[in-house]
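Next come two complexes built around chain A: one with chain B, the other with chain C.
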Partner chain A sequence: MKQKSDFWKRDTTRSVLASLISIVIGMVVGGIVILIVGMTNKSLTIGSALEGIRLVIGGIFCTGRDAAGSLTFGFSPVNLGNMLFRAIPLILTGLSVAIAFKTGLFNIGAPGQYLMGTAATLFIALSIPTAAVPAWIVWILAFLGGMAAGAVWGAIPGAVKAFLNINEVLACIMTNWIAANLVTWAFDASSLKNVAEYGKTGYVYKTTFNGVATPKLGLDKLFPGSQVNAGILIALLFAVLIYILMSKTTLGYELKACGANRHAARYAGIRDKRNIVLSMAIAGALAGTAGSLYYLSGNTEFFWSTYQSLPAVGFNGIPVALLAVNNPIAVIFTGIFMSALDVAGQQLTSLTAYNEYITSVIIAVIVYLSAFSLVIKMWISGGRKPRHGKAAKEDAAVESASELGSSAVTPPVPDPADETPPAEAAPEKGGEE
Partner chain B sequence: MDSDYIIEMLHITKEFPGIVANDDITLQLRRGEIHALLGENGAGKSTLMSVLFGLYQPEAGVIKKNGEVVRIDDPNDATALGIGMVHQHFKLIDVFTVLDNIILGAETTRLGFLKKKEARAKVQALSEKYGLRVDLDAKVEDISVGMQQRVEILKMLYRENEILIFDEPTAVLTPQEIDELMATMRGFAKEGKSILFISHKLNEIMAVSDRVTVLRKGKCIGTVNTCDTNKQELSNMMVGRPVQLVVSKGEARPADVILDVKDLVVPSKMHKNNAVKGVSFSVRAGEIVCVAGIDGNGQTELIHGLTGLEKISSGTIELCGHDISRASIRRRSQNLSHIPEDRHKHGLILDFSLEQNLVLQRYREPRFQKGGFIRKDAVRAYSDELIRQYDVRSGQGSVTRVRSMSGGNQQKAIVARELDRESPLVVAVQPTRGLDVGAIEYIHSQLVSERDRGHAILLVSLELDEVMSLSDRILVMYEGEIVGEFDPKKVTVQELGLYMAGAKRDGKEGEPA
Partner chain C sequence: MSFLIQQTLIYAVPLMIVALAGIFSERSGTINLALEGIMIFGAFIGVLFIKLSQSAGMFADAKAAGDWGALQGFMLLAMLVSAAAGAIFSLLLSFACINLRADQTIGGTALNLMAPALVLFLIRIIANQNTLQMNGDAASWFMIKKTMLGYAKTDQLGFFANTFLNKVWLSTYVCLLVFIILSILLYKTRFGLRLRSCGENPQASDSLGINVYRMRYTGTSISGALAGMGGFVYALTTANGSANGDVAGFGFLALAVMIFGNWNPLNVAGASLLFGLFKCIAASYSSIDLNGDGVYWLAQIGISPNFYRLLPYLITLLVLAFTSKSSRAPKAEGIPYDKSTR
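Let's look at the complex of A and B:
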């Protein structure tokens, strides 16, 4: 493993390459979409299409237009700061999905957990008067409240899975919509609706209304004019903590054991049911924290009429986790990348006649391809080996098949009957008897 | 007819990354013979058959049928050449009927509609001709394993295959069913069908085959006529060194009662009735007690009840003087080692590394963790030591993914983990299932030495040979009850067979043996 020639054979290298290829193809497809739109839309020219492509690739470094009307690029503290700010919830929901995947669960309930975290945070941050209680204590209470609410909302599908053997995906989808309606109802009945700014309906007060906001810790000096705050540091800290939890501790070992083979974990005396609930609770807490930190920044407004649509940031945790191959540290980078695309979308809207939905298309393509990253990985592996005609293909297929069977990327299949032996096919693969 | 080869596999070489699974292997099958293919796990038997069946393409070598070179690119080509296979794990659709399974893929149709009547008549004729009793309208999930195998055989006959491959066909059968299968195979050979019989059970090979080809570590060791050889010679060829076929063990010296079970009742997961119906027995330190019986008579549930994998309905279990009837699995495992029946389901986490599997119960011990953090170096050192001590072989040592290891070495890893815990009671369920002679010899000797060190062993086995040679006391289970207790020195296999089949039981019909 120390030799340089082994570098290309390492699993990590291949995973990173596969993710990068997904991104590149996503960008290329996005570029093609921009070109097609540019050529078919009368208000757009080829020139503006090329500008669009440049913005998608380098949007966060775009500083606007110069006097002559052409795009200027350079260090943009506002964009970079905003990128980091928007990365906070993406990193956290990405972690939420990744930790669930690692423990054999598919947490598609991040949007609901995010909403519950948001609601709990806003209620606490806005209803405890800062005249009586110091603002920093309110901040901590609101932060912990959001985390706890997310944890509870994650634990529910976990418990349903553990005790009733109901697929967590189904339970998560239902808890998502229950959360969406619950939150709408709660704010509708509350006194937190923003009435100070006339003309706005459906918004809750910003937390700064009560004097509660995440400290900037000097980051505003580094990125003047942007929304960035200490939340990004908390997100980074959480990523590191989750990494340590999963790869260094006995608890992480237990959680992964339950995910990889629930029966064997039980056989070894590990409490499988408790651990499934715990996995989902941790995942939920992370998604709840995402909502909490986003709205505690103090300059974001919450539109409380959520019963019609779920927050996209919850679902975007899935591509963030997939692109990172569920590695908590890699989630930091994929989360930041996703938010960079987000910022590029805004640039596209403000500087060209395109709208930000183009970036949604690119993200969608990347998401789609990240599900194929295993295939891409296999393709990389196949291409780097001396080929023995059909045999090489076969071997790659066997390899990827066993990876498919094991990798947490495949949503875990519910086991209807406990008696089904899960791995009977295993010894038939490869060259062994 | 002697030189009339129906299938020849000449100089077949098949490589996988890092391993030559088949190295210049030549196998020639005569028309109308039963040809056994003998080898340890990982010797390359399955790979060779997969090549013949078109699942793999060899790097070198040719396959000839009736002297002509043929290409087999996929299983359809193999079927077209009249090659059929009964796989070790049956390839049947559980929710289809027996008839549907037999005709699947070879349906007779008219204008796209099935013509089941003709198919039924044909299958019925075959079934009568060869004495293969099946219930054509039963669903596969409801029939016994033995009948499922007959369905697989009928599938081959229905397709009019003339080359029949049986991959470890007896692993799942009772002694009586094995005898029937042997008779059926002889009948096929008499009719001119050619049979490849893959096995590592020497008794069966000696009983049924005409010639034997032995593989070892991917190489062809040789082909011999069965009548010119004997079990000892074959096993030496297979393992590459003299093997002890009979377990050598001294007298048992039973001491204190370690496990005491009274009136144990365990519910079944399959049906409403209890699977274990009021069983009482005890196991002492320094003895091997074996629970014999045909699969599905409550042995699995009995063990699950003892080890805590299943909640018991009533009764008491005492282990080392403590009542553990309601104790957690973790508490029980302090005094109990369990070599589980299904090593993939319960025994191992296939996607974990070998070292992670070797500390599956022990990762919480202070030796392996500090303040909730796993001490990786301690785990690695312990794992390296176990691997060395128990000779567990794998590609990359401690960090090998267990899924990539051979079945025998997976089982060795479990045995190493469980025996090294030094528990007073060792529960071993079919510890040698699917293993080769070398590995069986090893595991048997480990269990005996464990006994001699004063531990109590409770063994569950479906193999009567194993029961007779290893145990100091035999309990026969039939339909959830213990119907007899025997001294292996004073009972015959036939006698045990009668109790296992429910024809006799203590205290009701006849006298205990």
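Let's look at the complex of A and C:
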């Protein structure tokens, strides 16, 4: 019995459980919305609502409709491969948001950094002629260029936060919109607009136009017919690298110290301003890499007139990071979960009268719940033993940290167990699917 | 010139009213990052309300009878409906941030994600496309024109009357009135003092018998109502009466205006006029004729429209950089109130 209570007390267990509860509640809310719409709208039936709910839960395993018109489920290599492909940018933006969170910053600027990374990558990949330079060198240059552009764009809000004490949330939002307009401007003036294919307006050439594309490394044999490529391996590598950076190096320790209490960190001799800029630059580089890898795949097209809307992938990094409680390894699984939800949304649009925005509703509910994940965690442990010391203490610590923080909006995100081994996160994935 | 003033007002008024929404929330101690989301939601509900009553035929009768007073009343009703919707939507934020002591930034972000998702999901089901549009040319039916005020079509009005009475929306003046009344409420009444005290030192307020939770709920709900109304006004006047789950970052711009205006209504009014001007230049730089000689020099100097579009955001960032040292946020904003810390 004692062992059991220890299990429930552990921070990792509680974090995983809180995330799972958030996911389940999000799914239930999504289902309820579908059900309400299905019942109140005259042109839709209850049956279609139930089909919609089944798709939301198991869309990734849906293989379409059979001759009788009912949904069929089974192993779908196309869906799974596409899920892995779409997970690439989600994992990377998730890492971007997570590393900023650890330094006490809320990186809502991932969409802008993603756009700048995309633009730099496409410009490099399409303007260096592969006749003169080998394609793999162009690929590497484009990849690094995207990363650097993202880093610069992330460092701007970091710098104004560190030196001028401007709320980083506002600075990020402004840089987002500046990036959206700059990218539109740059492509508008460039010669990279796709005019070769008839009927295409507003798209940039695919990188394959210049013979540059991420290698597939045999993954296309594993998931025939899908878009998956070696980018997913790079994303996984980055997650592991960030994990090592944050929990095994001095720099990672300093970043986390700044996140816990900036003033105490400075008192201890840590250069807080440098670390804030650095953290945002790393976060920006990760978001830039996300855009870079997504468009280097060679089968994705960039719609360059982006000044009216920001890419949703950037914002979806926030739920990915929050669900993973900012743990880089857990980000892999939550990123894959989010992209599974994304694929389910696409299925919903193509197979039923409902549309993919319901998955955004689910994601929003999950973010909403993670805002008070601390309370959920307290319920989990508190339900078994009324409000034991650890939860209460943690709560107080978080609050005093946010009171001491210079910024009014230091996100008091609970510091997760840093030593979470990958094996601990594995059951989480099992529950998600 | 009167075109420039009118256009600036069209952009400045939603900014002003939404920035005031931010003031009410932050003065009571809750950061309302969800202004953007609440605007989107309010715009959707307002447009939906007008569309539904159009389908019910209520509106065509007034239009056919030429009863302009009824039409204006109708628009005011839609503003009230969207304000109510905004207030209800903001309860989600209040509940999470006040009762559950959640992180206010993340809670606000959640609402910002939620509003466009929900709105687009419903719009796609209702209209089978990504935009919900009022039937017919409804947005212009609500516009006040000189013929409605008894002038003939050919009458030459003076500069003043031409600017403020012809081709304007009643909503502009209603919003200005609401802005003035609520500013007085916040600064010259006992209720306003109590509300502001909860954003500065809630522990002290509580010790004097003020219910901090209730005050914060009130502040956030007023904030939601104003943002919802601002969203509808934005949809009506600048988006041609359509809702598409997007207000182009207006809610965030309003937050920046609020910080630039130092959480003070008078400064905020000035700041929103400035930003309204920039937004106006971005939207209609090619048809601005400054001195009436028929030369559109902003279009002729040949700068890319993208530059004008990014200008408001760039200037916001620069202005914040220069004013951040002197800005003074309410002391207790962003910190959930816990009775046990008194």
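Side notes on the structure shown:
One rule holds for everything that comes next: the second predicted complex is superposed on the first by the 381 of 433 C-alpha atoms of A that agree within 3 Å, B and C clash if a C-alpha of one lies under 4 Å from a C-alpha of the other, contacts with A are read in each partner's own complex, and residues count from 1 in each chain.
Just so we're on the same page, a contact is a pair of C-beta atoms (placed from the backbone, for glycine too) under 8 Å apart; a residue touches a chain by one contact, two chains touch by 3 or more.
All figures in this text were calculated on a predicted structure; none of them were measured in a lab.
Of the two partner chains placed by superposition, only chain B is touched by A:A265; chain C is not. In the superposition on chain A, A:K248 makes contact with chain B only, not with chain C. When the two structures are aligned on the shared chain, A:S191 is found in touch with neither chain B nor chain C.
When the shared chain is aligned, chain C comes close enough to touch A:N181, but chain B does not. Of the two partners, chain B and chain C, it is C that touches more residues of chain A. In the superposition on chain A, A:A257 makes contact with chain B only, not with chain C.
Once the two complexes are laid over each other on the shared chain, residue contacts for A:S70 go to neither chain B nor chain C. Common to the chain B-facing and chain C-facing surfaces of chain A are residues 402. Those residues of chain B that touch chain A in the complex are listed here as 14-17, 19, 21, 39-47, 56-57, 59, 89, 269-270, 307, 309, 328-333, 338, 340, 342, 344-352, 356, 360-361, 363-364, 369, 372-374, 403-407.
Contacts from chain A toward chain B in the complex involve residues 248-251, 253, 256-257, 260-261, 263-271, 385, 388-391, 394-395, 402, 406, 418-419, 421-428, 430-433. By the touch criterion given at the top, residues 31, 33, 92, 96-97, 100-107, 109-111, 113-114, 116-118, 120-122, 124-125, 246, 248-249, 252, 255-256, 259, 304, 306-307, 309-310, 313-314, 316-317, 320-321, 324-325, 329, 333-336, 338, 341 of chain C touch chain A in their complex. Across the complex, chain C is touched by residues 33, 37, 41, 44, 106, 108, 160, 164-167, 169-171, 173-175, 177-178, 181-182, 184-185, 188-189, 307-309, 315, 318-319, 322, 353-355, 357-358, 360-361, 363-365, 367-368, 370-372, 374-375, 399, 402-403, 408-413 of chain A.
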